[in-house]
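The following pair of complexes shares a single chain, chain A, combined with chain B in the former and chain C in the latter.
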Partner chain A sequence: MAELMERHHLVSKTKTLLIAPVVFLSVFFVVPVANTFLRYFQFSEFIDVLGNQSLRSVAWFSLWQAIISTLLTLVIALPATWALSRYTFLGTRIARGILTAPFVLPAVVVAAGVLAITDSRGVATIIWAHVVFNVSVVLRIVGPRWSMVNHRLENGAATLGARPSHTFALVVWPHISAAVTNAATLVFIYCFTSFGVITILGGVSRRTLESEIFTQAVRLGNTSTATALAVLQAVIIGAVFFITRRSSRPNSTSLHVSSPQPLHTKPRHRITPLLITATAVLIVASPLLATIYRSVVVNGQVSLSAWRSFFSGALPALSVSTQSVIFTSLIFATAAACICVPLALLVTSSSAPRALFSLPLVISAATLGIGLIITFTTSPYEWRSERWLIPVIHAVIALPLVVRALEPATQAIPRSLRNASATLGASPFITWVRVDMPILKPAILRATGLSMAVSLGEFGATSFLSRSGSTTLPIAIAQLLGRPGVATQQAGFVLAALMVLVTVGVMSRA
Partner chain B sequence: MKFLRTLLATSFVVAITACTSPSSNSPIDATPNEVTLLAYDAFTPQEGIFDAFTAATGAKVKVVTGGDSGVLISKAILTAGTPEGDVLWGLDNTLLSRAQKVELLTSYEPVDTGDICVNYDKQWFASRNIAPPTSFEDLTLPAYKNLLVVQDPVASSPGLGFLLGTIAHFGVDKWQNYWKSLKENGARVSPDWTTAYTIDFSGSSGKGKYPLVVSYGSSPPAEVLYAEKPIDTPPTAVIESTCFRQTEYVGALRGTRNPNLAGRLISYLLDVPFQESMPLSLFVFPVNKKAALPDLFTKFAVAPKNSLILDPVEIEKNRDAWLNSWRDIIL
Partner chain C sequence: MLNVSNLSVAFGNNVIVDNVSLVVPTGETLAITGPSGIGKTTLLHAICGIVHTTHGTVHIDDSDITTLPTHKRGIGLVSQTGDLFPNMTVSQNIEFGLRITRMPKADRITRVNELLEMVNLVHLAHRNVPELSGGEARRIALARALAPHPRVLLLDEPLSGLDQTTHDELMTDLSRVLKQTATTALLVTHDHSEADFLADTTFVFPHK
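Up next is the complex of A and B:
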């Protein structure tokens, strides 16, 4: 009886932890999105959409390209994740940096890089760009988990005569399967709702539901068709969540260890991982190198003039300085992380269902964008032109990802440690600070990086928000590349190259 | 009960006065120190150009940008009546009718003009001793096979301008055949201006494979102004007979809280100093006849007297049908 009461007590405690994230998500996500649907969704329009041959083929294309993109991403990312979480060799850090950098970059940069290498547009280039973007998702989510699998278990299996494939299937896979499913679901959703890559590389014939929602709402003014498509998209993503959740029921998560295992450093072990990593880096890095190439080569000749004028602080044609662009981006990214990471910690520390916090992944960015401008319109909620709304929305969009990045680490905290701490008289807060915090620290740092990355690269929902003098990096790049004149375009590539270099630098340390 | 009735009556009176006050009284501005100009992202006015306005009126001009022109106008339409600013910059003749269906603006006037025309890479044609094309018809000749890049008219405003130009030139029944021949002659469709001009086009920074691109009549002077090293003549030129006239409008948004200032700002935008600043900051032509053009524009920018035009009402009526048949032809 006492035990039951205690459990009851615990449950209500974890529920109070959820108040802040739930309120936050309701105000800045649920209400605007519901507003869009209430105002524009018509059931008859939904039936029309289902019956429309051309829109059905859009849905079908979204689906199959996302499946292939996800599978290819896993094929390239999983071996690299294995190599980087088990081995260390010259260049591991930089390889990690390169593989995770694209996540931050605006689609226009990666797409321009891809186009600089191959002239052809179409499915193959789209899938390549999707792989470039999403390898980082797998690395970030599966990597920490994989690095915690106890080597002794594997060695033990090997000693007992298990072949490597058996060891993997019986020892390693059970530990990482939930993280892999998690990452694969995310990658699938990112590819399924792909927008920037599709508009640049898809030409006119390749459209996803997300790009069609945008076209219908913004280009053709058919808001009700757009919301009908958004419902269809949400239904499909919801179904994917349902399927993957069932197959990734957390199996017993006692990991025997709670800290990363030492890395192999002996030369003879390292040939295969080295080759695997090199392949992945080649696939991911080539578009990034193309960006840097275009920032220093003009008309076939090396020219540093764009970099020189960059360091002098002037951006041609734009009425903002480079310093203010970079400053604005960093402020937004920092603010978004300061909102997002604490909320995500509250979510992961409670035993709440995660479905609510996955919602921002399910709902189309355009739907949220429209919701924001029609909801925060009248005082006292006239927030649509407020500068703070931008990092707040970045935090909303980053939340599902950050929750997922923190989850494996919070699950891996041994319950015995917490119990011991409680037995010794520590309050839950002290336990959290003394037990959870030190174990979570690397995961929190990673989550902060992820959240900042989402903020720096976000170009969907917040592009519906108006700005007054707060130009961010992706916007400045898009504007510079969007004007005639060699100098303006080169300045755009300088900013893009800068983003590449800085992110590779930061990510190789994180 | 009585209380309830009083409350209802009071709120009714309040509601009525709230609704009618802006029109019944002489307009009084809600924020006399600041007027908000809503514009697309590419609106980059000359630095300090609004100082004179502030000196004359005591009000600062806050420029709020919100996406490309399509995004900006769609957003404004969705929130028509409860606008985010006082004055809207960037409605053009292709979107004017759609916007006025919901009475987005209380009044509007043309503020600038420009042309959407096929540009070519001078060096590419000169080095091969090929004469550049001079008409829409030329673009379907075998000599110019696989040389032209255009933009998707659904997503891109120059793309739409070029399509409308072909409709104006060939007529509402014949343009479809023209596009079939364009497609057979290897015209490439890029999603937007940036990709077409900076990646596919050979005459600008991208050094792509296509020496013909749909862009603006004012792109050549921009190439000179923003050259990597100073140059005297632009590397690109314009095929004048392909030019389609684009007119941009400026107007007061319905529901503005500063009707007075909005009117004064519109007058300011139409006055000579601002009009003369537009060519080299926004790359458009002034509508004010008294505004003088900079040398760079008189020498290299193109604004033909007889550009192709279409009636905005006609465009609004047929846009979806035209885009659909265009998709059918190209896909």
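Up next is the complex of A and C:
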């Protein structure tokens, strides 16, 4: 009892560490978003949007495609999660790697991959791209939980006469239900606010609220309508969080979960998990491989002309060179990581509430984008055309994910180690440098890789800020694939293939 | 001499340590006994500054250290689990406090060897922490805490959770080391035989 209260007392002392992250997020996220709503939201405009047949159909499409995408993702991802959490067979690690890689791939690359296979645009391709992108979300969130369900509980249920379906419903489900709800909520939000996928696969007829916000704000200059749409989007997202908030909390039974269980090496029905995993891998990997295939095959003939053109530095139909696009993306990714990782370390070293740092997950990139272009337009804050603003915003968007990546490692360092260091004469800073940092090094490397991957792939907010001198890889891919001409399209696939290789390379080393 | 006077610790409305006073003469060992969860560890943490006191003072000799941060108090702590840094070798763990004082490297090596000899573990100098047994880890934790010559050493159940043979061996070694180094020590234990064997005086922690 005394130890518990002591821990609580110590925890409360670390809130000062949050000053820098709170100021950063306030300036570059809270202020722009709040500014958008306060300056441009008019209730009459909101009512007009609801009454507008065209915009209403955009909202309806956003909703139903997100629901179907989420359900299909769960249908494909949950059995694969079960198979990979419970069984081991030849290729398990590769399968897990392939299924989780799209999480850090840019949505435009995934969309380009689906386009490379189907060569057509429409609802089916949009949903496929969403499934490819989001299977990894379910696997990453539900997988660890499922692998920790104690086998002895299931065996105990079986000895009491429970059929496998009963065992699942009564023993397994209570342990994983919160994780499944969390994953489903995130997947829904990612699909509902989809922008990169819609830009490439939506064509002229399919628009989501997110893409419509961009069109209204940037192309039509209609900020009030864009803001009304952003509010409508935020209301729906808020409602989803409200509906799922109870079931996304781990219930008390989850607390009795044991450490991860060893995988079965000789399952009686090995063929079922094998087939389930192979199906999921086929669905997810084929678009990624297709980008590479399409970058070297034109009209059925192998052609390296796009790669030659790429290495010569020319990008057809764009005013920037290959080198410039790659250099810009890498500089932005490095800068974003340099901002994001230290801030995330400060957040995770503190034990204050984290709700603020999850906000960038629930406010869409387009809403943030509008906020940035209307907030940072007047002196001395005339930053909207500044190149540095792009990596800063990438850091804002990556922050919630990087915090989540670092948190388990930070929390795993026993406080007693820091106490021991202090009693040996080390100041808190020396303790942080000599004790915390070496222990956290692998996690920091992973977090840096994740932050760089998010930056390399960010498309939504960058679309609002990008200028000719600051074109990033996803922006260039979307521009190339959105224009006619075989050479232009193939150049887009070359960049997409490059991103598949680079992102998977970065993440596998991190 | 360690002098704790009218020390209280409260977290919110919960008083954990209530008005405790004790004195440990220089070079002697005082044992604090009492049942688990009564606040013995919190008292040690208050003495070394890991938690703040709500009332009372802590003096070492003539200096009031009540408001000093932990790293400036010159008080060593050996916890129940040893808390060795897992990313460092045995030598690096012992050397940690010496590096903070910026002792020259040659002197640090000499001091580390001296302490390893004292706890009979010279052969483990380059061993990684996860490879140590429970008893070895406690010995290294003791050597590490003694390395920077602390003015007072706090021992928080340093023998708990060990098998009987290791417990007895370590208790003998601990007694020898405390006498050999003439360390002023405060030992927390719930085992009266440990208190009798190791301490010059025993203090029974008051019930709340």
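Please note the rule applied: the second predicted complex is superposed on the first by the 282 of 510 C-alpha atoms of A that agree within 3 Å, B and C clash if a C-alpha of one lies under 4 Å from a C-alpha of the other, contacts with A are read in each partner's own complex, and residues count from 1 in each chain.
In this text, a residue touches a chain if its C-beta (ideal position, glycine included) is under 8 Å from a C-beta of that chain, and two chains touch if they have at least 3 such contacts.
All of these numbers come straight from a predicted model, not from anything done at the bench.
Asks: Is A:82 contacted by the first partner chain B, the second partner chain C, both or neither?
Replies: Neither partner.
Asks: Taking the superposition on A as described, I'd like to know which of chain B and chain C A:430 touches: first, second, both or neither.
Replies: After superposition on chain A, A:430 lies in contact with chain C alone.
Asks: Touching A:421, do we find chain B (first), chain C (second), both, or neither?
Replies: second
Asks: A:200 contacts which: chain B (first), chain C (second), both, neither?
Replies: The answer is first: A:200 touches chain B but not chain C.
Asks: Name the contact category of A:439: first (chain B only), second (chain C only), both, or neither.
Replies: Second partner only.
Asks: In this superposition, which partner touches a larger number of chain A residues, chain B or chain C?
Replies: Touching more residues of chain A than the other partner does is B.
Asks: Identify the overlap between the chain B-contacting and the chain C-contacting residues of chain A.
Replies: Common to the two interfaces on chain A: nothing.
Asks: Using the touch rule from the top, collect the residues of chain A that touch chain C in their complex.
Replies: Where chain A meets chain C, its residues are 1-3, 5-6, 8-10, 414, 416-417, 419-428, 430, 434-435, 438-439.
Asks: Hey, which residues of chain B end up touching chain A in the complex?
Replies: Spelled out, the residues of chain B in touch with chain A are 38, 41-42, 44-45, 47, 62-67, 70-71, 74-75, 77-79, 82, 84, 98, 152, 154-155, 189-195, 197-199, 204-209, 215-216, 219, 222-223, 225-229, 283, 320, 323, 327, 330-331.
Asks: Residues of chain A touching chain B in their complex?
Replies: 108, 111-112, 115-116, 119, 199-200, 202-205, 215, 217-221, 223, 294, 298-300, 303, 305-306, 316-319, 370, 373-374, 377-378, 384-385, 463-469, 475, 478-479, 481-490
Asks: Would you mind writing out the residues of chain C in touch with chain A in their complex?
Replies: These residues of chain C touch chain A: 11-12, 14, 16, 37-39, 41-42, 45, 48-52, 69-77, 79, 81, 83-88, 96-97, 100-101, 141, 144-145, 147-148, 150, 154.
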